[in-house]
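Common to both upcoming complexes is chain A, partnered first by chain B, then by chain C.
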Partner chain A sequence: MPDTLSLDVIDADGAIRETAAAAAGDTRARFLAKAGLLGGGLVGSSALLGLNPATAGAQGKSDIAILNFALTLEYLEAAFYTEAESMGALDGELALFAEVVGAHERAHVKALKAALGSNAVARPRFNFRGTTESASGFAATAQVLEDTGVAAYAGQAPRVKSTAILKAALAIHTVEARHASWIRDINDAPPAPAVFDSPLSMRAVLAAVADTRFIVPARRRRRRRPRRDTPPAPRFTG
Partner chain B sequence: MTAARRVPGITGLAAALAILLLPAAAAAAQEDFALSEPGAHMWRWATVDQRTFARAAPNPGARVVARVSTLTPEKTPEALPLLARREVDGRLWVRVRLPVLPNGTTGWVLRDRLGGYQTVRTHLIVDRRRLTARLERRGRTVFRARIGIGQSRWPTPRGSFMIRNRLSGFNDPVYGVLAFGTTARSATLTDWPGGGFIGVHGTSRPDILPGRVSHGCIRMSNADIRRLDRRMPVGTPVSVR
Partner chain C sequence: MSEPLTLDLLDSDGAIREALDEGMQGTRSELFRKAIVGGGTFLAGGLLIGGLPKVALGAPSAAQDAEILNFALLLEYLESEFYVRAVAGGALSGDVLAFATVVRDHELAHVDFLQTALGSSAIAKPTFDFKGTTANQTSFIATSIVLEDTGVAAYNGQGPRLRKQTLGAAASIVSVEARHAAWIRHLAAAPAYPNAPADYPAPAVLDPALSKAQVEAAVGATGFITG
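Let's turn to the complex of A and B:
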């Protein structure tokens, strides 16, 4: 693995690449084809976000890109808390925080996936590099992830075209802000550190997430050699 | 955790993490934490991100038990079963079961040499006396087949192992159409090409099953290995009894 990772390198299953490309106005046929399918999957927990097929079905590709960007962040947070809950390193309020916030993040994933339907990006694979395995590592990482989540939603809200999706994003944004304040309080950091919060752009958030190396790089495919009739048999003892 | 007050802002996510994680360096050694819980039908495994040494104790100065590569002899990602975790002087170590002889050898590797943790709920149980293989999912049997195992001079080793790769696309009289590699090694065929690893595979000679017919591998009919393939992920623990 290279010392410095780019988005190209870390992108697993196309999740980040697809989100970033869509945000940059990529008009790939595949993306448009998927966008045309919006509306088919708006069932179940999307209702929790106030989204329904009638309102969300009219959204353009930029809103889909924003929802997929949010979904990628929620995948990351949900996986982080889920792993931390099972790693036995937390107790007391940190354990309670992981349990409650983990349930929230998993619900966010479920709702966003339902809202996106077949347009939803795939869940990447993660490697949290030990941060779920110690209380100090977990607390520090949770604070950074939640602060980033708050800034990320703030950065995207003005770009949302659909009122229904804006309402949904705000419904998540405020919850992320509560998470951030809660973990900051646990960490003995100021729960509300600024008078005005600064938003982060999608590109900045994706680059920051890439720097953590929490998203596992997709394995590079080798160039296909001329195919033999059949691949060689294994060399196990038989 | 007053160190958290030093958060430098969220634009440098990785840098912030690096600073915030510093207090872990002062932590004292902790008790082992079990990463796999057979009683709860839960096992963890991970690929190897960087080649490294497995050591007899969670200590950079401890005796080297084995060298751990990133690839198997079949050039698939090396995958190791994870047993326990311990934090020593702020560094996380993981005890793994190693694909070396003698079978059952364990060692400690640094957590940061491994990939993300993967979890499986399946368990393959090979009964050498009854010549059967059985796959459990969350403790319930979901697959059963009659099998061939090693002849008495090349016995299928007893012990706890793991499925570490899946190979397909061939059609071979001995290996059939699909094979899973395991972390088990033959104690007798040590000079076998590829290291003498034990596989679980099909065969084009189902007529000689069940029986003690192989060089140590676990054979089943092509139909059975395809059925197993639909149910068993890489990382599944294998118990040979």
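Let's turn to the complex of A and C:
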């Protein structure tokens, strides 16, 4: 596990990206479309936000796609913090940070799911590649995740059509920025590294997330078969 | 001042451009400037808090953008002057001085950006009296937390009233204000956080939004703006 982790470092030569695309057996765009992130097939009922579908006023598939994009990022963050807490590798302020921020991200998931109702994408499976198992891996990864979250919300805010959804997105956006600043100060990194935070497009964020390999393909359903290749455990006879 | 700011800098990967009407021509910064200045003529003159024209709950428009950006400019004038005086005053040290120096430069750059966006419609800088809060580190920290949290809530309150292309720029500023708020909160209360969760860097699941009237009342109550 490298001490410092950035998305570029993770996939410096693009090998992971190629592998991931090959494993998916598909182009990334189609993979993401299947995952529901590009809005395909999600128009359905006019689900709404306000933090329930009745009051949100999601306007068409683009708002729903944006909400599902945000929900996927929040699923990722929430799972990361929950797993890190359960691993027990954190102490001091890092443990407090994980506890507080984890609770925030789980609440964001809940709010976005409530807003989407039946249009919400399912929670993906995750593999955090060991980053939740050490304080240094956790701290570096949390910084990347939070900075990316800030840029993702900034990129989507101008694209949101529903005012109720925009208000919710803005209220989450700055909380992510507070998280980013907090973990950066713990890491002795500049908490506010620029005069302006740069937005990232949905495409750029999804590519960065794909490169982490933190989201893994859904488990294949296997036919249940009794396992006969391992001998039964010895019985305790004593 | 660190660097000249243009919308191009804010839009390195085209996210803001995505939101722009495809039919529009010209550079993005020209578009932004035209949009802001177009409706701004009614704002001429040095308007202070409380004196800004009411365009309450109107649909987003160039005129409303200009009004909101002048409101933002007023808050950035306030913040930048606060940090300029605090750093120059010599009462700060260590991490708090480092914070004040970086944030001073950010707020000055935000002022510069908003002035450029507003052009001749930009309000003049008021005069300030910080009532001694820049003269010792404890009161500096307490005041900084209030100013930064208020800035975040003010931008979040105005975001939905902006046209989309202006919202993109505002979104790139508001998260920096939130970073400032969390940074000074961390310096103020870590690691003990005696008033948890209220004194955490991120004290809530959602950041509140404040209306312009609420922000004006809060700023007015400080007496920091004197003319």
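Just so we're on the same page, the second predicted complex is superposed on the first by the 160 of 238 C-alpha atoms of A that agree within 3 Å, B and C clash if a C-alpha of one lies under 4 Å from a C-alpha of the other, contacts with A are read in each partner's own complex, and residues count from 1 in each chain.
Assume contacts are C-beta pairs under 8 Å (C-beta built on N, C-alpha and C of every residue); 3 or more make two chains touch, one makes a residue touch a chain.
Predicted model, so just to flag it, every value in this text is computed and none were measured.
Participant: Of the two partner chains, chain B (first) and chain C (second), which one does A:P191 touch, if any: first, second, both, or neither?
Facilitator: In the superposed model, A:P191 contacts chain C only, not chain B.
Participant: I'd like to know which partner A:A171 touches here: chain B for first, chain C for second, both or neither.
Facilitator: The answer is second: A:A171 touches chain C but not chain B.
Participant: Scan A:A95 for contacts with chain B and chain C and give back first, second, both or neither.
Facilitator: In the superposition, A:A95 contacts neither chain B nor chain C.
Participant: Is A:L200 touching anything from chain B or chain C once the two structures are fitted on A? First, second, both or neither.
Facilitator: both
Participant: For A:R159 in the superposed arrangement: first (chain B), second (chain C), both or neither?
Facilitator: second
Participant: Quick check for you: in the superposed arrangement, does A:T141 touch first (chain B), second (chain C), both or neither?
Facilitator: A:T141 sits against chain B, while chain C stays out of touch.
Participant: Determine where on chain A the residues touched by chain B overlap those touched by chain C, and list them.
Facilitator: Shared contact residues on chain A: 184, 186, 190, 200, 204.
Participant: For the complex, which residues does chain A have touching chain C?
Facilitator: That would be residues 92-93, 96, 100-101, 103-104, 107-108, 111, 150, 153-155, 157-159, 163, 166-168, 170-182, 184-186, 190-192, 194-201, 204 of chain A.
Participant: Residues of chain B touching chain A in their complex?
Facilitator: Chain B reaches chain A through residues 1-5, 7, 10-17, 20-21, 23-24, 27, 33-34, 49-50, 73-74, 77, 85, 87, 92, 111-112, 115-117, 150, 154, 167, 169-172, 174-175, 179, 181, 186, 189, 192-194, 196-199, 201, 214-217.
Participant: Using the touch definition from the top, list the residues of chain A that touch chain B in their complex.
Facilitator: 1, 83, 87-89, 125-131, 133-134, 136-137, 139-141, 143-144, 147-148, 151, 184, 186-190, 200, 204, 208-209, 211-213, 216, 219, 230-238
Participant: With touch defined as at the start, can you tell me which chain C residues reach chain A in the complex?
Facilitator: Per the stated touch rule, the residues are 2-3, 5, 9-16, 18-19, 102-103, 105-106, 109-110, 113, 152, 156, 159-160, 164-165, 167-168, 171-183, 186-187, 190-191, 193, 197, 200-202, 204-209.
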